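Next, two complexes with chain A in common: one pairs it with chain B, the other with chain C.
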Partner chain A sequence: MSIITISRGSYSKGKEVAEKVAGQLGYECISREVIIEASERFKVSEAKLIKAIHDAPSIFERISQDKKTFITYIQSAFASRLKRDNIVYHGLAGHLLLKGIPHVLKIRIIAEMKDRIATEVERENINEKHARLFLLKDDKARRKWTKSLYGVDPWDSSLYDLVIHIHKLTVDNAVDFICQAATSEQFKTTEISRQKMEDLALACQIKAALLEQNFDVSVISEYGNVLVYTKASDRSVYKLEKRVKTLSREIEGINNLEVRSGMQFPPDVI
Partner chain B sequence: MSIITISSDSYQLSQEIAEKTADILNYKCLGREILTTIAETDNIPESGLHNALDGSKSLLRMTGRVRNRYMACIKSAVLSRLLNDNTVCCGLAAHLYLSGVSHVLKVKILSDFKEHGSRIESEKKFSPRKEQHWRKFLEASQIDKTDASRYDLVINLGQIEKEKAVHIIIDTVKDRKFMPMTYSINCIEDIELESRVHKLLIERFPHSAVQAKRGSVVVKIRTFKYKKQEKSNAIKEMLNKISGVVHVDVYVKNYISWH
Partner chain C sequence: MQNIGAAALFLPAIQRVGKSLKIPVSRLLMPIGFSAILGGTVTLVGSSPLILLNDLLAPFNLEPFSLFDVTPVGIALVVSGILCFVVFGRFILPKGTASEGDAESSTEIESVMEDIGEIYELKTPDDFTDFRESITVGYLRRRYLVDIVALTEAPDFKVISPGPEVEIRSNADIAVYGRENDVRRLAEKGAMIIKDNLEVFKDEFVDSASGSVEAVVAPRSPLEGKTLNQVNLQDRFRVTPLAVYRHGETYRAEIGDLVLAVGDAILLHGTWARLKILQEEKSLLFTTPVDVELLRPDKAVFAALWLIVALTMVLVFKIQLSVCLMTGALGMIINRVLSIDEAYRAVDWRTIFLLAGLIPLGIATEKTGTAAWIAHTTLDIVGTVKPVVLIALIGVLSTIFTLVISNVGATVLLVPLVVNMAIAANADPRMAALVVGLATSNSFILPTHQVNALYMGPGRYRSVDFMKAGMLVSIIFLAVMVGMIYLVYGL
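Right, the complex of A and B next:
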């Protein structure tokens, strides 16, 4: 019983690996379903959400409030989905949100550039030169997006438990390793890890609710005790506190909800 | 005759994993103890060999030329030992020069930094300033340290236990893709011959490039036009004494050249 996140570049056979792993372990395989759920829950079009998570900010552009809000919606839908356990997720940077959750097995699948080009040429019916350009551009954009959002390089192997290079190793080899690793003790759900997941989902839900009303906050939760951090001025803090009081009645699972302003944010806030 | 190379940010960790793997598979384990033999054979300081494997280029410590010579000696010695037996190799940067050989399984082990962090820091003896200097050197050389495509498998020991990592390596190497075939054996023999030739030439011709294929050796050097014949003959004379060399071609590029 665990959560497996599979990070991959385009045409790296990550989706194939994810689906086979899910099939072998009897887990649910999700990717786009998170976008659909976020879209339904927060009443935002799927296209806008996809644009928010695909387009990296330009050098002159900071992440706009809209983009931050949409990303938070996706994170909230993602975290609440993963509370169910026994899931294989393949998509953008899911593992980075789940940093610190012990029963998450984080996998990265990489493939040879020439194999990726060949796959893209076959699927998209374009020539090799265009395929290569597209892949390089896509890799660069994904890297930039992850760095701007999470401050880490997604190609850094230390972010993952296992990095598998599909070249001499086949998709079936990768599936075997992942299934083997997923069944080890370290990746089994425990009470503590389940609680951490609940806390993460709660923090994301609260943050999304506050961002909807243009409060720029960071949130952390521990056993249902939620702290909302803000850099806003006194007047805004008053409004925020009012909103937070209503939220504590609306959302289940909150033991205590406090606002902290003018303080340094702890490192693991959402 | 499979070969497993194990790399890590900590030599002790890669050695530990290598020894456990070699023990279970009944393979030979090749680590940095070979550097003592190389130092004696080639009359090189052993500390220089360690620095060549660990440290960055620096005008104050070791010039590029000296480092290249030491690496050529290490490469030649390591490859000669990898030709025959099932071997697990660690701490010798073997994954860099065995990249084209299909029956080599290249594994990187990432240590649990909380457990091994202080040991890694003391092994590398890198101060933050030197770490920054090393990072800038990598950027200037366009070496992407995050690039995991040099390896077949990267295992992070943060959550995965060492024993599990060893079992993953063992299960992987049993795949028939890591069994040596005629083509891959020829490939490694060619690389080994290249390394022996390069080691012989590097002191006198530090900028030489060598390629070998089934005993035919091609050497590329840069020199002045008027010295072309003399150097070409010298190289052929040196190389004809090496076992395994059937034919030698020397290509000379003029130092003063617009191309």
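Right, the complex of A and C next:
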């Protein structure tokens, strides 16, 4: 009864590990499904969503409102999906999208560069030099993306519970480690962790609904008591308050909804 | 006790009685207010004009009145006033509806209070703490947005305004401030029983013991820039913050982490004694006054003792009234029944200045012979009358005066005048002065008396209501007063 997120570089066998872990524990294995769900729920094309979470913004480009909205859509779809529990997710930034949830086992799979190049050469039928260049570029883009959005380096091992280097350790070794860790007490779903998951899903849903109408907000929920934080000035705060009032009737599970303006955002706000 | 004090003390009780018995408050307040005014005539210390009377008689070398000299007349006046309402009440009192009675002018804080909810008493089940992590006051607040304002702890302790870390035990009674649906959610999830009324905490949460106030973070307040968690009002003052009001928004959730800014209004709940201590710390400005009389039962013995000393001085040693009462007051200050500041605040400075102006005026009219001249001229116009008619005339004159100027002012002005008139007409000048002292309490026709002014708002009276009932009561007052003085003292 837990959630496992596997962060990986391309060709580092992370997907294989994820699928085997899911098979062994009888969990559901998801990755692209989240994007598909977000695309269906919020009526945005998959390509746009993938672009939003894949391409890092250039130096001159700030993260656009659209991009923020798309990422919130994905986060919202992700959180609602994960409410079901018993899931292995391998994809971008799963551990970051689920911050504050206690029963998530966060894994990072890395592989030896030589092995990665060999796999890519074999699969893509390109020469070694090109493969190396592609991998370096891809790694750089992913690091940049995570840094620009979440302000952390995905290569920082302290973000994870377990970092497994696939080289001397095989995929099967990795699967064993992960399964063993997943069954330990601290990763079991509790009433509190389930509530936090629900709160996260609710906060994401509200944020998505408000971003759709161009309100730049951050949201946090605790037991259905939702706080919407904004940096906006008086006039748009008034509009936001009006919208928030109708929202509390539209979305289920809201117990209380308050708008907070002109104050510091708490650290775990979405 | 001064009649205005008694009237203010009774007001909340009358409102509650009216509400529970479904009697319009407008049918209760006026008779009680009138009775309070009439009750002031029973002793020589019951109302300001009578307290003054002996001092006003001093320049004429007349024998001073003793404390209970007016009692027979006073009792007759009270009885006749009450009888008047019993017999004619239904005709002279305004007909209000019960719901209208308790509709006081709704202030902003009241509308915020509706937003916040009210107090409920709940009981936790026997297995409340079994097989789970401890449940704290802070947890229930975060989860259900309710404030635990009191709880019981074994064996029989009551904790008022417990801090957020205090655990809630099995089989405990808790008093919860919150919206009804939040409280119901709490009761449902926690398998608690909601009681119909406050039972265990009924004494702690009566209006006279505790309540909610709005307090604003003042400029240069030490609270500015701090969070409520840091300030920890629960542990330091035993006062619970219920909500924060900022820029027209009421914040209920997570107010503990809110960084306080100047102008933030905090809605606080606690006992009046605790709120008063917080108010005296001066870090918050209270927009709703904490003016409920704080009772000090431990000082009752001293208060009674000094009252007896003062009365003994009046009755046994025949010392001047003002000296006796001042001794009593000083004694109470020495024994800390009340502080010197409270004593200062209790002084009605308007009366002091009024007297400071009027007494010299009275002396001047006396010394220059103006009073005697007015008296003689009046008597010349009226002609020779019997003392009883003169007394009645003085009564009417005093009544008219007290309707337009304060009762104290009327007394100071009229006493020298009527004493001269009585001397000129061969009537008893002491009786004439007594009539003034009594008839200046005959202030029912217009809401000028402090008691009537106090009750006018809560009772939703119009001036015409006072005229209707007051006219009859005033006439009966005059008749009974003159009759009783005639019977008791002879003229």
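Everything that follows uses one rule, which is that the second predicted complex is superposed on the first by the 270 of 270 C-alpha atoms of A that agree within 3 Å, B and C clash if a C-alpha of one lies under 4 Å from a C-alpha of the other, contacts with A are read in each partner's own complex, and residues count from 1 in each chain.
FYI, a contact is a pair of C-beta atoms (placed from the backbone, for glycine too) under 8 Å apart; a residue touches a chain by one contact, two chains touch by 3 or more.
Since this is a predicted model, take the numbers as computed values, not measurements.
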| item | value |
| --- | --- |
| Touched partner set for A:225, first chain B, second chain C, both or neither | second |
| Touched partner set for A:109, first chain B, second chain C, both or neither | neither |
| Touching partner for A:53 - first (chain B), second (chain C), both, neither | neither |
| More chain A residues in contact - chain B or chain C | B |
| First (chain B), second (chain C), both or neither touched by A:217 | neither |
| Partner chain in contact with A:177 - chain B first, chain C second, else both or neither | first |
| Contacts of A:256 with chain B and chain C, given as first, second, both or neither | second |
| Shared chain A surface residues [contacts with chain B and with chain C] | none |
| Complex contact set, residues of chain B against chain A | 102, 105, 108, 110, 113, 144, 146-149, 151-156, 158-161, 164, 167-168, 171-172, 175, 177-178 |
| List of chain A residues in touch with chain B within their complex | 102, 105, 108, 110, 112, 153, 155-158, 160-165, 167-170, 173, 176-177, 180-181, 184, 186-187 |
| Residues of chain C defined as touching chain A within the complex | 142-145, 182, 185, 247, 249, 251-254, 257-259 |
| Residues on chain A engaged by chain C in the complex (per definition of touch) | 222-223, 225, 227, 241, 255-256, 258-261, 263-264, 266 |
